[in-house]
Each structure stands twice: as C-alpha cells, then as structure tokens.
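Okay, got some structures for you below.
What follows is subunit A paired twice: with subunit B in the first complex and subunit C in the second.
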Partner chain A sequence: MITNLLRVLALLIIVFSFTKAQGQQQSAGELHGNFQVDAQYYNKDSLIGAPVVPEKVLTNGFMNLWYTRGDFSAGIRYESYLNVMQGFDPRYRGTGVPFRFASYKNDNFEATVGNFYEQFGNGILLRAYEERGLGYDNAFEGVRVRYQPTRGVYLKGLIARQRTFFTLSPGIVRGFDAEVNLNELIYPNTVKKTIVVLGGGIVSRFQTDQDPIYNLPENVGAFDARLNVIRGKVNFLAEYGYKYNDPNATNGLIYAPGQALSVTTTYSTKGFGLLLAAKRLDNFDFRSDRTAAGIGANINFLPALTRQHTYNLPATIYPYATQPNGEMGFQAELSYKIKNGSLLGGKYGTEITVNFSGTNGIIKNPTSNDTLGYTSPFFKASNEMFFRDFHVEIHKKFNSKLKGTFMYLNWVYNKDVVQGLAGFGTIFADMAVVDISYKLAKRHTLRLETQALISKQDLGSWAMALLEYTYSPHWFVAVLDQFNYGNPNSDLQIHYVTGNAGYTNNGNRIMLQYGRQRAGIFCVGGVCRNVPASNGFSISLLSSF
Partner chain B sequence: MKISISLYLALTIAAFSSCDKVEGPFGNTSSSNGGGDTTVQIIRKVLIEDFTGHTCGNCPRAAESLNQIENLYGNQVVAIAVHAGFFAEPTGTFFSTDYRTTIGNDLDVAFGNSAAGLPNGLINRKSYDGQTILQHTDWASKTSEWINLPPEASIRTTPTFDEGSRQLSISVKTTFLQQIDESLNIVYYLTEDSIQSAQKDYDLDAQYDPNYYHRHVLRGSINGAWGQVLGDGVSYTSGEELTTNVSYSIPANWNSSKVAVVAILYKTSNNEVVQVEETKIQ
Partner chain C sequence: MTMKYISILLILLSLVSQAQILDNKRPMPEVDVKSIDGMNINTKDFENGDAPIIISFWATWCKPCVTELTNIAEVYEEWQEETGVKLIAISIDDARNQTKVAPFVNGKGWDYEVYLDPNADLKRALNVNLVPHTFLLDKNKQIVWQHNSYAEGDEEHLYELVKKLAEGGEVSEP
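Right after this comes the complex of A and B.
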C-alpha cells in the first residue's frame, strides 16, 4: 500500500518536472528511495525503571528520495520524530527536511551543493556519515567539488557547515584532499606488481571567539598524510594526522596540539589471513563546534581498534569506545581454514579466527602552564589499561543440514575510562557463544544461539539465548532472553525477554517486536545521558523503491 | 574545465591559509565593568540556568564555569541551578536529598535538558542558531553577547521577610526603558544558595565530595514555572511602570539567610529573557 502510494507520488513528481522539457528526446530520469518508520508503544514497567511516556507512542520516520538523470542527480531526506523514540537524543524533535542536495558529474568533475557525506582517507581527519540506529548524522551542508585532472590524481575540496540534529553547528569547515595513485599516473597502461597510493588532506574550522575568559583560536587547522602500498598478498596502510591548537569541551580547553597515527598491515592468501594494526591518538577530537560534547558536530572519525562484535552480549554489555583524548592500541588477527578432508577439517573444512586487541592510555606529563595541557612521549603507552579483547572463533559445517559458530572471548574493560564514570573500576569478563543452525527442510531453518558472560564485577554474570525460525526468503520469528542472573542485587536479576517476527518481500520489510530493554548510562566527552529502560510493543517498516 | 580548476585553487588556498596559532597569553586581559549598583544604575542582567544533578559526576565542571563567569561579570549575571532528571534522583545514603522541584521538572521537560545529557544549561533561554541547550564551555561566550546590550526594562524587587511566621511579601516594580510590542511574562523563583550535601565528582579521587556546596539551587516558585502575563500583554511603552505584590511562606527547612527571589521577565512567544533580577530576602 505504502509503496504503491510512493510510486504514484514519484511518478507525479517526474511528470510534473518534465512536462516543460522542450520536446527533447531524453529519458525522464530515475527516482529511487526508501522509507522507514519505527514506532513503539511504551508500557509501564517500574521493575526495570522504565519511565512513563506521556505520548504512549513514539515514532521515528524517514524517507529518502533520490533522483538521477544523466549527469545530474538530486535528492532529499525527510525526517520525522513525533516524538523521538526513547534512547535517541531528544534534540531530534519535530519534523523537517534536513538533507537535500543537487549534484552534477561528468567524466572527471563533480560538483555538489547542499548536503553531502564525505570521507578523506580512512576518516582520521574528516568523515561525515549517517548511522540511523544510533541517531548519528554529521552530514555537511555547503559546496563540494571533486576533480580528476589526470589519470591517477583525485582531488576533493569542500566548504560547509555540519548538521547537528535540526540545526547547523556554528563552525565553518574548509577541507581539501588529494590522492595520487602512482601506478595510474606513471604507468597508465601497464599492470605493476606493486601499487602505491599517496594521499593527504587539510581541514580547517572557523568559529568565532566570543569567550570573555580565553583567547581561543578562531581558525583551527589540521592535516593528514597517507601511504598505501599493495604488493601481491600484502597490503600496508599508514595514516598520520596533526591538529593545531584546538581548545575544546572534550579536551578541557587545552591548547596542546593533537596527533594521530594508524598503521595496518594485512597479508591474505587462500585459507590464511593475518592482520597487524597499531594506532595512537592524542587529543584528536575534532569538531565543527568547539563547545560540542556528546555526539554531534564531529568532523573526523576515530573507530576503535578492535573487532566490532555482532553477537548480543559482546556487542552490547561492554563495548569499547575510542578515547580521543589519548589512547594507544594494537590489534592482531589470524584466520586459517583447515582444509576439507583433513582430520580436523572434516568434509567441509573448519575456519578458525584468533584475534587479540588491546588499548592503553598515553603518558601525560603536566607542563608548567596548565593551559597548554601536557606533553606526551610518542611511542610510549601508559600502564593504564582501557581494554583487552582476546577471542577465538570457529566456524564449522558438520553436514548439509547442520552448521555452527563457536566463540570464546576474554575481556578487560575499564568502565570508568570508557564510559567517563567513576567508581566502577575495571571489569574482567569471560564470554562464550554457541550458534547452531539446522536446516529442517528446504527453506526452513532453525537457529539456536546461546551466550554467557561471566564476571564478578559490576552487574555480574549474564546469560542469553535466542531461538530463531526462518522460512526463507520471506518470514522469520525469534525469541530472545537476556538474563542478568549474576546481578549482586537479587531484585535486579531480571529476564529481558523480547519476541520478534518479520516479513520481507521485494525490498519491503515489516518487523514486530515485543519485550523489555535494559537501561544504561552513556557518557561521551564529559556529558552523561541516561538511556532509559523500556517495555513495549514496537513495529518497524522499511520499504525501498 | 578552467572554472573547476580555479574553484579548486580557491578552495585549496582557503584551506591552507586557515589556521591560527595562539602563542599566548591564552587568557583575555580585558575585563568588564563587573556590574554596577542596581539601585543607582540600571544594567542588563543575564540569566544562566545550570541543569545539574548530585549524582552527575561531570556537573561540577559546569559549576566551575559558572563561577568563572560570575567572577568576571559580578552581579550582572544571575545563576540558577536546576536539579532535574535521572542524576538528580535521590539515591543511597549520601545522595538522599531531593533537590528536584515540580517547576524544575517542568522546565526540564520543556527545554529537554536532562534528556540531552548533563551538564548543560540555558543562557537567557534564547535559541542560538536553533540551539537552546548549551554546553558549559559555551556559556561565557553566549553571556558576553548580552552583557553590553542596553537594558530594555528594570526590575526592582523589595522583599519583606517575617522570621517568626516565615512569611515573605515582595513588591516588584517593573519599569520599561524601551518600547516592547509583544507579550511578556513575569515569574518569581526562589533559590537557596550554598546548601551543603554530597555531590559526585569524577575529578576527585574519592569520586564524590560529601560536603559540596550546591550553589543557587532552585527551590520553588511563587507563580509556577511560567509565571503570568505582565500588564495587558500587548505592548509596553518606554517609562511605563508596573507594580505587583506577591507573598510566599518559606518552608522551615530552608536557610532564609541564603534564600533569594529571582524575578524573570521574558517574552511569552519564545521564552527569551528580557531582564532578570536577584534579591536576597534577608
């Protein structure tokens, strides 16, 4: 119904737009888009501390409309938060069209006005993106050009402000990036064994200084340099960033410069892979508003140097978050496939992944002038442990019907540092995951996932089980229980049970959910927010066209 | 492609040339007038509302920012600490006091402060480019935008407090210095200064201060969270004087020597503060 309605609307827009096209024999272009609405009905649940929602029902709704015609493209995104669902930032309030753009592109030139997402290199200096599930969107609004003067040389430039909720953050961001693929430039017509790509960018933020107490820099500059060498099975990538004095809310208004370095080497061949990575961050929070805290107005992107887990307990109970004020980390991952037909490999082979990552703080020696902050030796980490993740993951297909994933994880998580709290200390946790799926018949699959988290600290131990039945390709139904059986407070040894059911067909998806979600305090950059517990019925509709 | 190349060059130059290196001094040396004597000289005053909670371990940083601003501008700023949201809930033995008020909760719901993450605050309740909720690092600069604007009205509050009956009567005289052609509300809050009780503070080794001084705590209101429309609610002419008399019984557990009445005159349409005056009741 909704898709049909949208199609009619789309058609009307196209017809309306081109009735005046002067009889030229051109295609009318294409309109694509998607629509999503999430709604939840909130029940009272004093046991888990769910707040009373006066509206009873809260919804988040989105629609993207993207139009392309030849070299031209344009689009809008409408967003509606009536009122914004619990767990999202309440500054998403009301409705609007916060994203709209028009763009022209030919062989070597592209110009965009309006809103756009952009990334320089890996984003250490600049990255704008949307992560709807987190309510994160730092899209730029302004002008961007991309230009390829010759083969192998890619240039980008932008001047823009950034979206923060339904407004723009006060700073103006100017950025320029160049990337040179030496192979394409020097040997455009031959394939060389070694590929070398050099890159570099400059970003500067302007924000007026009206602070009566401090003399703040109005223009804050930063640059990065990148090197990527690929030879056969080896890929080496290094990126270094430097930021001039940028006193801001996250670093506590210090004038010290910031630095970031990230180095990754991978080796991969059939059945074997190795990844080694290291990084160092020092005072590298960079935003288009120096007073912004929490999420919002971020110019750059500093991902955690650890594996992003997808299994429920490792992904949600103690996830690590990058500490932009200073951290040093490493990651090593080895993946190996035991051959089919061998003793351990069995008929289908066995895949094993071993991963170890860790992050510590950096050493901060106070300076005589505390407005300058501190000095820090570049190649030394402090003894303060922020995070450790050691895990082994085994994928095994037993026969044509049965396959499984088995995982063991051992974590160290400094809750005080990662969440910006105090008094919780460091948490040691062991986790195990067993994920078995069994094909009952053609198109019918049953999957059972059991997980455990064993810890003596904080909220104690957890157990989790998920049973999912899929009738592919359209239907699925699942029940999930998170049980905090080890909570030191016996009243809080609660089952968080949710049931899900969904239907997917031709780019349309409807999902229903009923159950409880736990509460948590989330702190980012010195601002803490209580994401409340909830109990209720939710519905999610997604449609692409 | 001539145009795109020159566009490129322009962007490059813009990006290259844009970095200020501050070599010090990092502090500004100029100082303000530090406010004046209210009875003689009418000045514009700025309302700073600090949304906080006693279990919010980062909130003392905002209180420190507020204190810096008060040191800079003296009585030209009027501060109120609104304890609201999750971090203001009473909990355990140390944090058993409930500093929340119904009017504070109303303000919190209306402006969305605690849900946006504490600490944060409002400066004259104005929306700056769409942002009403401001981080404490932004308070000083947003306050400075108001400081030198000429006052549009003056508020003179004359409190009479009877210690025996704990009855407070206040006469409030609002005098307009400029023509204002829109509806204004006036609201009278009561604050209590320097209440000593525990406060979480992540900067301390103990992680909390058992004897923290909670400054400017919003305790109640004489006429609700939003007050009432002043005068005819249509227009106010320069020189016009409006006098209101109100009364309130001060609860026995408030330290009356630390209680002040804060009269706020604001635009009904958008909540923006026109003038504010703080007077101790004793």
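Right after this comes the complex of A and C.
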C-alpha cells in the first residue's frame, strides 16, 4: 500500500517536472523542508519515577521534504523512533514514512491525495493536526478537495482514514463543510462595517460492527452549524455540534446523541481587550475507532476553555484537560494597557490582564431506558467543580534596561476527574510568578524567573527559579531548579535541577541539557517545548531549510 | 520493503535533480490565511510596495514570541519611518486561543497586520518547527533571511538587515 503510493508519487513528480520543463520557461520548483532530532542519554533515577532504560539512549527524529512547483506540490515526512523517547506513546515504534502527499492547487480549486491535515470551522466536529513535540498526529490519509465556486463561498470534502501512530484507525471518515462569508460574496469590492460568516459541516464515520452482543451503529453521523458576526470592535462567534447515537468506549456504550455548544464574544480597541466565552459539552467524544480511549483516533478537537499558561508551574503541575463527555465552562479575560506617560503607566505604559475561568460537570439524571444512559438539562451545570483559574498578570517596563512580569494565580483542580483517578480529591493552590529581565549591555541580557506554588494537598508546595543569560543573536545558557519543598513525603522533597545551553543560527538550532527534569512545558532559551520526566543528558537539533 | 526504499530514493533523486535546492532565495509560498476580522486572504496578496516585509510566527501563549513583538512594537514607528518596513504577525493559535488573538493584539496596542493560520497550512509550507520563527522578505517577496527563537536584542540584527534591504542592498541567508 505504502510502496504503491510512493511509486505513484515518484511517477507524478517525474512526469510533472518533465512536462512542465518542456512546456514553458519557468523555475524548476523549490525543494524545502525541516528536520529535528532529539536524543537523550538516561540516568537511573528511581526517586522521580524515571524508569530504567535498557537502551541507555533513545532518539526521536523526523524530516519533512516539500517540493512545490507552480500549482503542484508533493511531500513526504520520514519519522524515526529508535527507540521512542520516554514520555511519548510506545506505539511509535521503529521508522517509516507515515506522511506523504501530492496536491494540485489553483486559484479556486485544490485536490490532495495521500496525507493531509484539515479543520472544519473551529474543529468542534473535525480537526486533524500535528503537535510533533507532544507526539500527537491524527493526520488523514485519503482524498480531499477544496473548492471555491465564487468569492466568499468555501467548500471542502474529504474521505479518509486517520493515522494512529504507525497504523490507520479502522473507521472511514467522510466529511463535507461549507463556509460562506456574506461580505466577500455580496460586496466583494467594498469594505463593510459588519462582517457575517456562516458555516456548517457534516461528518460521518463508518466502522463495521463485529460485536457479539450489541447491535452497534456502523455509520455514525454528526453535524455542526457556525455563525460569526464582526462589527467594528465586537466579534461574536457561536458554534453548535450534534452527534447521532455513537456507543463507544468512552461513553459507556450509551446510544444517546451528543451535543456541543460554544459561544464567544470579544470587544477590543487599542489598549483594551475583553473576552467572554461559554461552552457546554455532552457525550461529544468523537473518534474514528469506537473502541479507542486515551490518545488516538480523535476526529474532533475540544480544547479546554481556560488560559493556556506559559510559566511552567501553572502550565504543567495542574493543567486542566477537557472532559468531552460532560462539562460546562466559562472564561472571562480583560486586558488593558495603561497609557505611556500616565501616572500609573510610567514612561513605557503598563499592561494588565485579568482572567477568570471555570468548569463544572453537567447533571446526569439516570433514565429507565438504560441504552440512553441519562438525561441532562441543557442550561444547567452540576455542583461538581472540575476547575477554577483566577489570575492577574502585570507586565511593566521600568526603563530601557529593566522590565518585569508579575503574576498571581488562584486555582481549584479536581484531580480525580481531570486525570481519571480516585482518592486525590480537589486541590486548592495559590501561585505567584516574578519574571525580571535586565539588559546588561547591547545584545547581552540576564533574566531571572521565580515561581511558587503553595498547596497543602497532593504533592504540596513548589518553588522554582530560572536564571538565563542570552547573547543575541546566537547563544544562551540557563540553569533551572524546581524544588518540591512541601512534599508530604520528606524523601521526595527534591530539587529538579537542569542546565541548558543553545546556539541558534538563522533557521538552525542546537540545544543541550543535563539534569533532572520534571514533566511539562518548558520555555527556556527563547522557545517552548513539551518534555517528559527524566534524568540525563539530552541534545536537540533542528533546522528549517 | 526494498521497493519502498527504492521509491523513496527515486523521489528524492528526481526532486534534487530538478529543484533549486541550494538557491539563496525562496519565493513566499501561496497559502490561504484568515485576517482577525474574518476575511480570507492569500499570502500572495501580502503587499508592501518596494519595502521589505517581516513575517513573524507567534502564539498568545508563547512568552518569547510576545516579548519579541512587544520589543519591536516599541521601535516599530521609527522602523517604518526610516525604511517603510511592514511586520506581518502570523498567529499559530488554535481554536483554544484563536478568539483571543484580536483582543490580545489590541490589549497590547500593536500596530501589526495580524493573520490566523488555524490549520497550520502556512506554518507547514514555511517548515517552521517551533515558534517564534521570523522571516524577512525583500521587495520581490523573496525570503532572504530567517531566524528561530528570540533573545533580547535579536531585533537589532533584524533591523540592520531591514535597513540594508531598504537601501537597495542584498541579503541572502535564507
């Protein structure tokens, strides 16, 4: 199958390059790509739960090679996991070319065969994407067509299976989406004050029923409708999704339909931004394999309605994860810039962000019809709190050399629900961040970041400090220590210390690290990466060309 | 299995023999992106007359990206007056944060042209690994320089290149 596809691809490229080359005098096309390899040598460290690695060294690597020529493009990605690094799914095993495509695109038509990523609207119904640093990739493999019959009308159709690691998920996904931008359609040449965009999609999954007991639906359909109205400073976006009976591994094989609703309004002018958002999810886990749970085979994308944090204690210790089979949440965010030259703003102005988000469960009343599972009043949340995040962030530049970010956070985190565990209960935590950067001289900067997380529950309190020195435009070195000083088990009151150094030149970068690493997203040396718990020496090389 | 590798080799060979793999310039790929007020635009319509364009990939959750754009914002007016340069910020935020982009940009008071790349089509076409990642385009909209990551002061080197382009000089470190 793979071999055949590759042969067809090779043939296509060769045919194209020759016919075009003879047809007209034009560029022979461009070949570009990117490359990344991460390798780590693992030390034994039973304290932090880093498992023994018999191979000693593990590596992940990939290269994209992309060829474009006029309206034609083709590409492949080679991936190598020898063996896959700690913290990634072990189903990434060995090497291969799991991504390959050929595509033709002109002004209003595009056809792609092979692998592709796609998103309908905001992904409530369908989204295939890649997050290489996390090992996430649910690319489609099949055929996709995008067509624009007239300006302002965007149609998409696809039939494909989904990638799960090095195999394809059993279900076949069929999707069609239409989006109409009324302004582009009706007034293509004038700028109107109000912009209206309507959209809707249908997705269906086919998977054979081989269950000896249940009569499972082989075709499961779902649809969504979207409305986006923008008038001057106001932007209103609503999206509703409905899924027909889809008994699956995550909803306890109930036959009830699923629903999702998301509504967001923003208002913003220069120096002021306000966002209000609410969403409700009920039985809306949608996959191309009804037996899949955990990561893999997801057709739709349901992100958490909370701030995505960049500082690593709030970003990695108690991050919220969406509960697709039942949650109701809201988020409000206000950002304001106190003007330059005012009393509070100082010479450079002061930026303030206040954010409050929360999610609860939904009410599930048992019904006598147990194939439907439960009934749930649409506009009511349950009293079970899943998550709260209230925080204030202030960013201030004091003078041409000194600036800082200051943050206070108050969190409630239902560990049992979010992580699917029992017996941990709900955790209350306060956090603070002080991030100061000082310019020593032209191109030389020192940055000190300190963070604290105070909690009496779970692993107790944490403190963290990062000292980073950058020498623009090429070099950085940093030392980072995370100290779990409040751990109720005094043997686990340990320091996670790492040293980092890196060199960047244009699109190339090399980074070295040594030490003990807690799992999470780490932003060091000017980039953010997601890393698993480990102890040892690691090297990371990346290049865009 | 052997056939598979032969096929891969064949593809690579045919590409290498045809493509300008080591050319010092590269045209901006033509990809559809969305403006923050909901309009669809193709990157071939990015326009700045004869002056250079900076393309900066960023995300609302990416601290170094925001630092870079904030630092440039402080000198942007000056840069524009002296060289006519335009900065186009491409947000790679997904559905989780996409609606925040406009209030975020306004809250910061940035004067950039900002577009969304929700399906990462442009990010992939430009082979961006991590954000921040910055590109510099000359007056013919050829990519003449790129840089990933951000350290305080990086914008000074970028501005030297912008000035060089604005004065009619050549930059070629794609």
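Convention: the second predicted complex is superposed on the first by the 505 of 545 C-alpha atoms of A that agree within 3 Å, B and C clash if a C-alpha of one lies under 4 Å from a C-alpha of the other, contacts with A are read in each partner's own complex, and residues count from 1 in each chain.
Basically, a contact is a pair of C-beta atoms (placed from the backbone, for glycine too) under 8 Å apart; a residue touches a chain by one contact, two chains touch by 3 or more.
Owing to the predicted nature of the structure, the values given are computational and were not obtained by experimental measurement.
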Fit or clash - subunit C, subunit B, common subunit A: fit
Angular separation of subunit B and subunit C about subunit A, which is computed from CA centres of the superposed model and rounded to the nearest 10 °: 140
Which of subunit B and subunit C A:Pro90 touches, first, second, both or neither: first
Touched partner set for A:Val203, first subunit B, second subunit C, both or neither: first
Which of subunit B and subunit C A:Gly294 touches, first, second, both or neither: first
Which superposed partner A:Ser342 touches (first subunit B, second subunit C, both, neither): neither
First, second, both or neither for A:Asn219, with subunit B first and subunit C second: first
Subunit B versus subunit C as contact partner of A:Thr150, first or second or both or neither: neither
More subunit A residues in contact - subunit B or subunit C: C
Closest Cα approach, subunit C to subunit B, once both complexes are overlaid on chain A (Å): 16
Contact residues of subunit A, present in both the subunit B and the subunit C interface: 523, 526-529
Residue ranges of subunit B in contact with subunit A within the complex: 1, 4-5, 7-8, 11-12, 14-16, 18-22, 24-28, 32, 56-58, 61, 68-69, 72-73, 85-87, 112, 114-120, 129-131, 133-138, 140-145, 147, 200, 202, 207
Footprint of subunit C on subunit A - complex, ascending: 2-3, 6-7, 9-10, 13-14, 17, 21, 27-34, 36, 64-69, 74, 76, 78, 97, 105, 117-119, 122-124, 127, 129-130, 132-133, 154, 181, 183-184, 195, 197, 228, 230, 235, 237, 264, 266-275, 277, 301, 303-305, 308-311, 333, 335-337, 348-349, 351, 353, 395, 437, 439, 442-445, 447, 470-473, 476, 502, 504, 506-509, 523, 525-529, 542-545
Of all residues in subunit C, those that touch subunit A in their complex: 3-4, 7-8, 10-12, 14-16, 18-21, 23, 26-27, 29-30, 37-40, 60-64, 70, 74, 94-100, 102-109, 118-121, 124-133, 145-154, 156-157, 173-174
Residues on subunit A engaged by subunit B in the complex (per definition of touch): 89-91, 93, 108-109, 111, 145, 147, 149, 155, 157-159, 164, 166-168, 170, 174-176, 202-204, 206, 209-221, 244-245, 247-249, 253, 255, 290-294, 369, 371, 420-423, 521, 523-524, 526-530, 532
